[in-house]
Amino acid sequence: MLLVQVLIPLLLGGIAFAIRSNLKRPWLLPLGGTLHFAITSAILLGKTPAAGDAWLGLDPLNKVVLGFLSLLFFLCSVYARGYLISRPNQPNRIFTASLLVFLAMLTLAVEAQHLGLMWVAVEACTLSSAPLLYFNQNPRSLEATWKYLLIGSVGIALALLGSYFLAYSALHGGMSASLFFSDLVREAPHLSHPWLRSAFILLFVGYGTKMGLAPMHSWKPDAYGEAPGLVGALLAGGLTTIAFLAVLRFYQICNAAHDVAFVRSMMVTIGLFSMAVAAVFMVRQRDYKRMLAYSSVEHMGILVLGIGIGGAGIFGSLLHMINNGLTKGVLFLAAANIHRAYGSKRVEDVSGAIRRLPITGALFLAGFFAITGSPPFGPFFSEFTILRAAVAGGRFWVAGLFLVMLFVVFVGMSSTVFAVVQGEPSEKASASGYKDTFFTVAPIIVFLGLVLLLGVYVPPPLSRALHEAAAFIEMKP
Amino acid sequence: MTDWLVIAGMVLAAASGVPGLWQERERGGGERLATGLMVLGALCGIVGAGLAIAWPSAGIDLGWPVPGGRFAIRIDGISALFVIQIFLISALGSVYGLGYWKQSEHPRDGRKLRLFYGLMTAGMALLVCARNTMLFMAGWEIMALAAFLSLAAQDDQRTVREVGYVYMVATRLATLCLFAMFALLFTATGRFDFAASGPINSGTATAILILAIVGFGLKAGVMPMHVWLPGAHASAPSHVSALMSGVLIKMGIYGLVRVLSLFPHPPLWWGQLVLVLGCVSGILGVAFAISQHDFKRLLAYHSVENIGIICMGLGVALLGRSFGNSTLVVLGLGGAILHVWNHGMFKGLLFLSAGSVLHATHTRDIDELGGLAKRMPWTALAFLVGAVAICGLPPLNGFVSELLVYLGLFRSAALPQGTLWLTGALGAPALALIGALALACFVKVHGAMFLGEPRSQHTDHAAESNRLILVPMAVLAGICFLVGLLPWVIAPVLDRAVLAWAPELSGQRLMVLAPLSWVSLLGWLLLLALLVGAALFRRHLRAKPAATTGTWDCGYVAPGPTMQYSSSSFAQTLVGLFSWALRPKVTNPDTRGLFPHPEAFTSSVDDVVLDSMLIPAAQLGTRVLHWFRWVQRGSMQAYLLYILLTLIVLFFWK
Amino acid sequence: MHALVGPLLVVVLLFNLFLLGTSRLQAVINASAGQGVILGILTLCVHEGFSGWIVLITLITILLKGVLIPGMLLRAIRDAAIRREIEPFIGFLPCLLLGALGTGASLIFARTLPLAKEHVGSLLVPAAMATVWTGFLVLTTRRKAINQVVGYLVLENGIYIMGLTLLHAMPFMVEMGVLLDLFVGIFVMGIILNHIRREFSSLDTAHLSALKE
Amino acid sequence: MPLLLLGIIGKTKAAFAGRVGPPLLQPYFDVIKLLRKGSVFSRTTTWVFKAGPLVGLVTALFAAMLTPLGGHLAPISFEGDLVLFAYLFGLGRFFTVAAALDTGSAFEGMGGAREVTFSCLTEPALFFGLIVLTRLSGSLSLSTMIGPGLGQAWHNGGAALVLVGFSLFIVLLTETCRIPVDDPNTHLELTMIHEVMVLDHGGPALGLIEYAAALKLFVLGSLVVRIAIPYSGNVWTSWGVFAGGMVLLAVLIGVVESTMARLRMAQVPILLVAACLLSAFGIVLVAR
């Protein structure tokens, strides 16, 4: 079944090449998204056996991720249809195809149980997402794509080196160096620590580049700034999540190998540093899409910070992974609509969004409040859980810095967001033809609804699954 | 049962604005429906809370599947008073809004405003009833955001946007402090409910206190942390200002009271700190108020002052608790809570009447007004009642609560303990100073707005506002009188509050400790005497009809409106006395020569903390951060270098 | 472990230094190609015994790293009509010195790591480190986009050498996947390069720094 | 009795000026005459203008009811009446000044401004004094504070009481608008406080105001006298002593008024701050 789930999008991608009409083709996306989501839910609800093998399989951790990603892609695919229809004269053959391939590779990366296979899948994600960035085909998007591709590939190369190191530490441990995660975790105590540490550093930097942790984040603002908002949502919610999943898997191995102190302090440092960098660049940020990119950097920092803190922090950051992804969906898609309506992503040209696009503007504002951790939205609980864990762990400095960063980020972000949302729209903006349609608004509303839901009611199955995942990460052989 | 009533009130209030959203812009049906729902919800809430006072509520405790969350609601003596106040003021405000913010006059933002107004009410009601920190935070932030959004309803005006930004930043800082505080609280007690905990080690306790004072103080507008308050209150629609100033800022007080109730044995310096903060806030607040030209800003600064008085009461209560002295606790907390209530009433009244004036004259500048008492007699009367009440003069409600605080201060001054009583001894004169200054300020503003001759043509077309605006004001004025004349009705309720705050020290009854019956008696007598006197005076006038002429101006032939003593000149000496804090900007052109050009003397007072400290600091910080931008310089080589360096650093760190 | 491994690795290191030292793009690309070929041969030598799979891998490696990718790059520079790297961010001599230092450092670093018995004394690990380092140097110091691609290629080569240490621990599928990804990666980069050339009519990264704060 | 004080003061000043001066009962004649007159109101004014004098008088009366005379219990006394005492005067002030502003004249406005400004400084002084008394007597009721127990208090904190007495005397001079703060005789200068506030009041209104002023003088005076002479023997002697004290006080005021010059307005606050400091220092003295 899992294999099918990977193959279907690939197949559709192939079909996408075949279809001629620029207007019919986009329908493949909702189709693929729906199928994928259907299969996922069937599997998670236990209707269908996952039927994994040694290479593809489900464990408590990637179950959660799979469900989340499938949902994310489903909503984005609905939006994508509306978006592409709204730009009929922009050729979307390659876009559609690579979007579907991207989905396939995401799924593969999630379900992969083998170190090498996962690496291949993640690299494939990077490559298949490159054309997505280049959708607008102007010099700026070209530059963004170039940077994204090269930096991403370097990062992934480092990850590969790290994988080799890990394998070598297994080899040196004298065990038959299989690179299946289950074996690695089981045999972890025998791994040779020097190699393991070096491996983790490389892997962390490598996949951290994909996550966009500072200082490896440099591709992010360019890529998110130039790509269509839809792609931004998928990268910020999907690709980064995959990379985070990878980091989690290696953290699990280090943890099983009883060699976690260094790893944790490293994660805390990088996490705080990412938040700080994001804060620096969010103050007086005049470009609201780049602002979202930096916000993504910040939240990646929060994720690894939570893991580094440990304890309840792990649960917190797993929950935050979902909250952040969904909220980013709201923000990026809403930003995309605003961008379409105003034809600019500079704050100077954009104002009064809530009057020009009442629904989108309101959603953008709500998404901003959500992402900055205001109750009763979901992110509040995850961030608060992480803070709690830090305080409970007696790490008052970490907690203090965490809060300071959150504050600075809020100050910076709010001035930009308010400038966009409030005030009077310019005549040019009012003249532009764009209107909110069902396909471009409904997905955002659903996203926001989910974020709100996670704030007022975390479904018990979900929280159970998250707790299992956290336990799974902390598992000691 | 009672709890469910209150919850029903919350739901109705929250939903009040929703149906209107489907009304088209110009039709007014939505607003009436919204008001109806709001009033209905308010009734539910008030009845529920009232019952909860009579028969303490069992409370509700349902599962709430979010991390650390339980849907725990309980209404004790403290909550009940706040609930009643919240629902009362917001219901009156929403009726007032019918006349003041007609949908037909405000097609763009009317619906938004009503929606967030209801949400704000619901959020406040939720947070004062919540017994679970997560639920509290939820209510808190709903309130904060709704307040921001209803403040920003007129976001097409630049000043409103700026004010909203300042408010938002301040309230977020507060929220983050509360994050930290609740996290500490959880670590110390291991639980998410406001349960009186075991001994908390002093370090944590101190941290919690500081965070609570900053976090809640920001919301309440205690002096150094009041920065958002004047602007916000001035720019918001008046019934929203009334709700914000009358109720919303009190949520900070509520939080402080609730959190402090967790500490059975606070160190002495806690009480002293709160008391001193109160004095500073009170004196400087009123000093700033005197120097304002915008009457809504002036009222806003008076909120700062009254919050100061409330804090003084709270400080006395804390002192009492650390001495284990029940008298001080009862007097101090009773005074504080009662003043919270009273301030809600008379400040609401003042803002509503100010709004009525604004509605009629479209100016907020005191020196543009004058002589309105003839054109808007009822508004003038309402404002006068509010003014007398806020100055804490008998026989109105302000006097009762200030009396309690005074008694607390005097009692603490009479304490035998070493030199600790000095704080109390200094508190009483400070309160006296505050009272006198407030009196000066309100005589000035009332005189300048309503008495004398008009100073500008703004007042020419001023006419008395309609009933929808007047009735809520009348109700509030009535309450001011009732509380002032029948304080003993409230006393048992306050005893309940004390019981909820410090159960171990709630032995004594307020009636015994404070001469409330005397106050009530003398109040009635005073009114009686005044009426009799008035009757006699009138008889005398009928006997000897009075002639009317122009004001006699020491033989000056043509006294004109411009020759009146303007409010600025009225306040000049006092502003001079406080110039060390107010830093007034004065332009005083010297007029020399035989025929000097027409010149104008102007003096204005900015908010020292905001305009001369925070904003420059923020700009500096921005510049510093901007300097880091070169890191993101667009060169790929640099970016790859960062990755390399990270690797190297990590490998060396390993 | 074949006797040839050591000498071959030395040659790889020499190629590294050559890459750092030369300015002519063609030479740079050829050097990387040579490196690729040698890696192919190394694969054959490192692996004990002789099986069809190994030969296959060797051939694919040589084909990709030695022929296809360099050819693509050469075509790119021919189209773009650029001959040499104009003044890199840091001069060639410092680059060389840094490279040499890096090589030394990687020798020391490899000491700190405990090696499996069959690799004790072999140059595999340090050579891998040194090559990765070289790749990074090229990536961070050169101005021409082509050169950066080459740098990435060298980086991959280094990693490949590391991969050789656990050739038998590694199922071939992964190997193939690696090579495939490498190929696709470079391929996509090539496409982008073409776009860049069309957009900016040059391959100088100076044109690629419009997006910044 | 209150108006008599005015008479005595007048006499004393006359004596210093070497004149015969008006008869002691002159103030009574004035007030009665005023009450008989008809009244004139400005067009500008509203009911507030009429309310001013009335409220002023009524509040003064109530305050008087709270004041213990010569060690005897006041007609009304309870724990905490001192606050009511102070705030009643506040209420009176509020309406007097409001009435002044109601005329819309520059002079009245100025007078009102000064009145409230200076009261901002006298109030703290008064409360400092009251704190000292509370500290000494342990009671919150005027009647107990300066009641029979006062003699005992002199033994504990005599020095403090002296300071308080002085500062209360200054408060008295200010509140009742006497030289060196204000000059009750002048009417047409920019230098006055109380008198200028009531420029527009005439007839009965003025009469009420005059009487209220005298009453205020009497009430505050009785405090000062009691603190100065804490004698309490049997009823008659103590009344006698008290009456004598009041007369002395009146004479003293007269002497002060005839010997001192009125301060410049700018210097008045300094005097009042001095008063505050005196009683604050008193607090420090009793801080044992």
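Here the chain labels run A, B, C and D in written order, and each chain numbers its own residues starting at 1.
Assume a contact is a pair of C-beta atoms (placed from the backbone, for glycine too) under 8 Å apart; a residue touches a chain by one contact, two chains touch by 3 or more.
Being a predicted model, the structure only gives us computed values, none of them experimental.
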Chains in simultaneous contact with chain A and chain B: C
Between chain A and chain D, the fewest steps along chains that touch one another: 2
Which of A-C and B-D has more C-beta contact pairs: B-D
Chain B-chain D separation of Cα centroids, rounded to whole Å: 35
Chain C-chain D separation of Cα centroids, rounded to whole Å: 100
CA centroid of chain A to CA centroid of chain C, Å: 31
Between chain B and chain C, centroid-to-centroid distance (C-alpha), Å: 70
Residues of chain C touching at least two other chains: 139, 148, 208-211, 213
Two or more partner chains touched - positions in chain D: none
Multi-partner residues of chain A (at least 2 other chains): 146-147, 150, 154, 198, 221, 281
Sites on chain A touched by chain B in the complex: 146-147, 150-151, 154-155, 158, 197-198, 201-202, 204-205, 209, 215-216, 218-219, 221, 262, 266, 279-281, 283-284, 315-316, 319, 352, 354, 369, 372, 374-376, 380-385, 387-388, 390-392, 399-400, 403, 406-407, 410-411, 414-415, 418, 422-424, 455-460, 463
Complex contacts: residues of chain B adjacent to chain A: 64-69, 134, 137-138, 140-142, 144-145, 152, 155-156, 161, 164-165, 168-169, 172-173, 175-176, 179-180, 182-184, 186-187, 618, 621-622, 625-626, 628-629, 632, 636, 638-640, 642-643, 645-647, 650-651, 653-654
Footprint of chain C on chain B - complex, ascending: 629, 632-638, 640-641, 644, 651
Residues of chain C defined as touching chain B within the complex: 89, 109, 136, 139-143, 148, 205, 208-213
In the complex, chain B residues that touch chain D: 370-371, 373-374, 380, 384, 387-388, 391-394, 399, 402-403, 406-407, 410-411, 413-414, 419, 421-422, 425, 428-433, 435-437, 439-440, 442-444, 446-448, 451-453, 514-515, 518-519, 522, 525-526, 529-530, 533-534, 537, 540-541, 544-554, 559, 561, 563-565, 569-574, 577
